């Protein structure tokens, strides 16, 4: 499943980049994050409760940031396992200056393996869109929170 | 009293009272004391290496009795699942264990099994088994699988499991034909979806060291043989029972992992084990059907005579061979010329492994693909030559005086009269008026279409020598009990076809008793001679014929006993109006019951006659049968949405002699619904990672009452010479004939948009795009 | 397909139901007919630890009319809407949309409240209620409040109901004067959910022109969407076939996100909004003329 | 927890897990195996029974939700050992083959004819939309329902 989109942050590139690399921000904004443990450089293990409304799966995830070009681009890979199946998301992120703000664009693939793929296909695309949207909204909130 | 002639009458089905009253027994209705429930852990990946399986949490779960993996079963002596073994050299056969060992090759493949106190706890425990995988690249698309790496089974270095060729060509080459055309034709994957999913109850008797397996199957006897080999238990210690079976459609013509797993677990735990497949499991792990991409080149004359047919079939086998997997696309190759005299035929089949559920026989099994292809070709030739599609078919028909007829593929068609069925179908419609109505409607933006399909199928499977794994015969025992009642056992194992009725009609007529004096038993290996099963429209053509031979033996013996009773010569004994008498002395005639009593009391019969009145026969058919017919579909395509509405459907079928016209029509109706649904909407879809995205009936559409019409059925009767009943079989006719009729009708409707071919299914969006490009 | 374990509580009153849901926080779920929740639980996509059965709460299944306001109790089943003779005359699109839901058995059990609180984007009633500018009455620990339809459906399976709030009633003004309404649907062939569902209400003035109209879609986006561009294009105009078609051509405007799945692409869904807008409006106009 | 319900006129009371589906209560606890399970996602209708007079898919209802209810299953349709007119209709018109969908189909037909004693073909097709049959193509099911409608005495449907 292809996912792409963009989000505008009211901050400069450095702030947005730092935010996206921040363990604390991730721990706060990754959907249903119950713990985020560093397992290496730019690599974490986390338990995420991902879903919409009452439909949530608890995923044991590894999260890695690779191919970093500071202030420009990076790749985020999330691999998770849950009872309803496994997920793998690989997203390429990039930042661009916009008038007094920064536009983050992402482009990637999210693959769902297992029962969820077979029974939930109708909902997967809009659900991932919603979940990603919430993530950025939360991150944006972190930004304004930290500037206060 | 003159007994009514039952054969040919639409008598009500004798199996129905228990079914409409809800008192019948399907597998899940069997409840043995102490039963434990089995749940299966299935692969979430289409292709992956199993790194580890952690069963501890599941084992610790309250109510869980056992958790086993592929390695456990293998160590316990459980072997590999069987495949059709007479396919020929060069067939690549990957090993397949009931629970995967080392690697998984499709999403849904069984990886581990749990056993628990009830089905809810078993389901809980399935979630507690942790499997760690190393994902490997999945092969999904057929053209990509043919092109090369990645490979489903790395060890073969190719995805091509086999190559199969037909070549019969002489004279001018296709390049010299007046008209040449090429078409890529897809025949999408389908799920059989019997309303009852599969299910198993395995019960091991420690004292007798024997196993009874109740399973929803079409082939209890073959299953018993293969199961004994799979689990290493002597065959005579295994009993297989097919209780009431809620539809098969080929999906239950197989030997499945769970039959072995439940058996192994019952032996291990000494308790009855029940496993009932969920619908999601059924969609993701029981066999699928169809799945071909066909590249077709056609040569024809200007006036629509097809001279050359060259076909390259890419057949989607899925990840493994099930019982008959590689055979199915070769049936397509053999039936490519349909009811037509096409002199030059070339066909190459490449059977391809993909990381998907294995394909195998689904209602029609290879023949719907052939019929779809050639009937599409007829319309393509009509388009290219300007000859009317009906006329193209007429010009290419094998003449009714040419039978038996050997086709370019080498098959000997038994009997047929194709123009007769076509004419009869045309007599139901007003073709010219429709064309005028269609032209007028088009001017108003209304798109009406008519589609024809004049098919022939190969049925009555079949002579053993021509069958992929032999086993082309069928058996039956006919016993007249001392009170004159008749107990028939048949090796065929019907599952909705109504043979408890049709066989009783035949037996009652032939033995001079009432239909209620006959009972037809089937589906229990302990209670019948070894048999084969019900599939390939063979139940009556082969199973009924076997019963007929046994009846004839009983009749002969009854005559000998009657001769003794009547103090006459056997040669003078007649059998009329249900009684055995002496020529010229009808008042002295004896009923079957009177004879049976003497046969069993046996104190008055001479030593030259064995006691009892029973006979067993095995019937080996000398040839297949070839039913045929003409189907005509009327559709309307919504110009705004592309949605197709079926307006009318006419089916004229010839299945040889008809035993029960009501049942024959019922078989046709059901087949039509399945064939129509393939044309319009049924489709198994995998994503590019090999995940099944049509994994439930929320996404895999089955036909409902609302989307169909009442069908107009009619028949011609051309008896088959290859069996003593003259029957041909009708179980698959509707499915085979209808798919191309619908597609041809939709393409016909969209002629104004310049299309000549549309791949199935005819989804609204697809047609909308054609109309709005 | 068997649900996981949970504790079951049967609420005897609305207050008790709210008390229970408060007690269990995010681990509790209301269940009425269960036709949205139980399938998810059987697939183990939803695993609430506590089910609070509100299916027997008294006096919550009704359709009432007074002073032009129609009130529908949250426990009213789809079948009760489908078979309501008064609605069939006054607000045709409600029984019409209800009759499009699932099948007879589903309509016998499924409730209006359960369906809209679940907010499946492909279910039929949400767009109907959005077109009707309905109000949703929610009761929670802090008392009762009403939520406007435009604010009720927030996103995919997400409403503005609080976790501890219970939807008790839906109400709206029945269209007045020379009005007609219709619901037209392109259904998914497997699930019967809407690929596109169009809910239209048209009121004609004395001059025969469209005095007021409302149009909303199910199935197209993550939540029901209102087609204001179509409404504006048709208001004040004669409801001729040309004018309806011309207005309907704006149907996809303002839909910033369209669903796309194996049954229909976003492009097709958006195109079908125009077709179904036309069909629903045409039918509504016809009914308004005969009102 | 404890559930009590009247099934086919008989009073039953049992202790069950809250998660037990009604269909499993009927089949496993009461031994009434006429209602079948065919899809589990509320599409096929093989598990259809009447609860308080309404046809429902018993695989999408918890047994505890039916506490106190009056349930009618296929086993309760016969009166004095005689088939119900709908059962007769399905038998007469060959409205079944493998029989797996049949009990649900018959219970849906009962609901249909209770609400509409003389349905048109289109109304029958609509009324049976919630029941899938893979064998008959519905052709003879339509005829079976018509046969039943003709032979059901006025008021008999409500029995």
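In order of appearance the chains are A, B, C and D, and numbering begins at 1 in each one.
Basically, contacts are C-beta pairs under 8 Å (C-beta built on N, C-alpha and C of every residue); 3 or more make two chains touch, one makes a residue touch a chain.
Just so we're clear, the structure is a prediction, and the values are computed from it rather than from any experiment.
Chemist: With contacts counted as defined, which of the two, B-D or C-D, has more C-beta pairs across the interface?
Modeler: Taking the two pairs in turn, the one with more contacts turns out to be B-D.
Chemist: Measuring between Cα centroids, what's the chain most distant from subunit B?
Modeler: Checked the centroid distances; the maximum from subunit B is A.
Chemist: Roughly how far is subunit A from subunit D, going centre to centre by Cα mean, in whole Å?
Modeler: 49
Chemist: Compute the distance, rounded to whole Å, between the mean C-alpha positions of subunit C and subunit D.
Modeler: Result: the chain centres lie 29 Å from each other.
Chemist: What's the distance between the Cα centroids of subunit B and subunit C, rounded to whole Å?
Modeler: Distance between chain centres, rounded to whole Å: 44 Å.
Chemist: Going by the touch rule set out above, which residues of subunit D reach two or more other chains?
Modeler: 17, 19, 40-41, 43, 129, 131
Chemist: Find every residue in subunit A that makes contact with two or more other chains and list them.
Modeler: In subunit A, residues 83, 115, 119, 121-122 touch at least two other chains, as defined above.
Chemist: If I count partner chains per residue in subunit B, which residues reach a count of at least 2?
Modeler: Each of 119-120, 127, 278-280, 693-694, 696-699, 702 in subunit B touches at least two other chains.
Chemist: Pick one for the touching-chains graph, please: line, ring, star, complete, other.
Modeler: other
Chemist: So in the complex, which bits of subunit A are touching subunit B?
Modeler: The contact residues of subunit A facing subunit B are 1, 83, 85-86, 111-115, 117-119, 121-122.
Chemist: In the complex of these two chains, what residues of subunit C are touching subunit B?
Modeler: Residue positions touching the partner: 1-2, 4-5, 43-44, 186, 188-191, 262-265, 268, 271-272, 275.
Chemist: Show me the residue ranges of subunit B that touch subunit C in the complex, using the header's touch definition.
Modeler: Interface residues on the subunit B side: 119-120, 123-124, 127, 278-280, 640-641, 643, 681, 685, 693-694, 697-702, 707, 764-765, 768-769, 772.
Chemist: So in the complex, which bits of subunit B are touching subunit D?
Modeler: 12-13, 15-26, 28-29, 31, 119-120, 193-197, 244-249, 278-280, 495-498, 662-663, 665-667, 669-674, 696-698, 702-706, 708, 710-711, 734
Chemist: In their complex, what parts of subunit C are in touch with subunit A?
Modeler: Residues 29, 37, 40, 43-46, 48, 118-119, 121-122, 155-158, 191, 193, 222, 257, 259-263.
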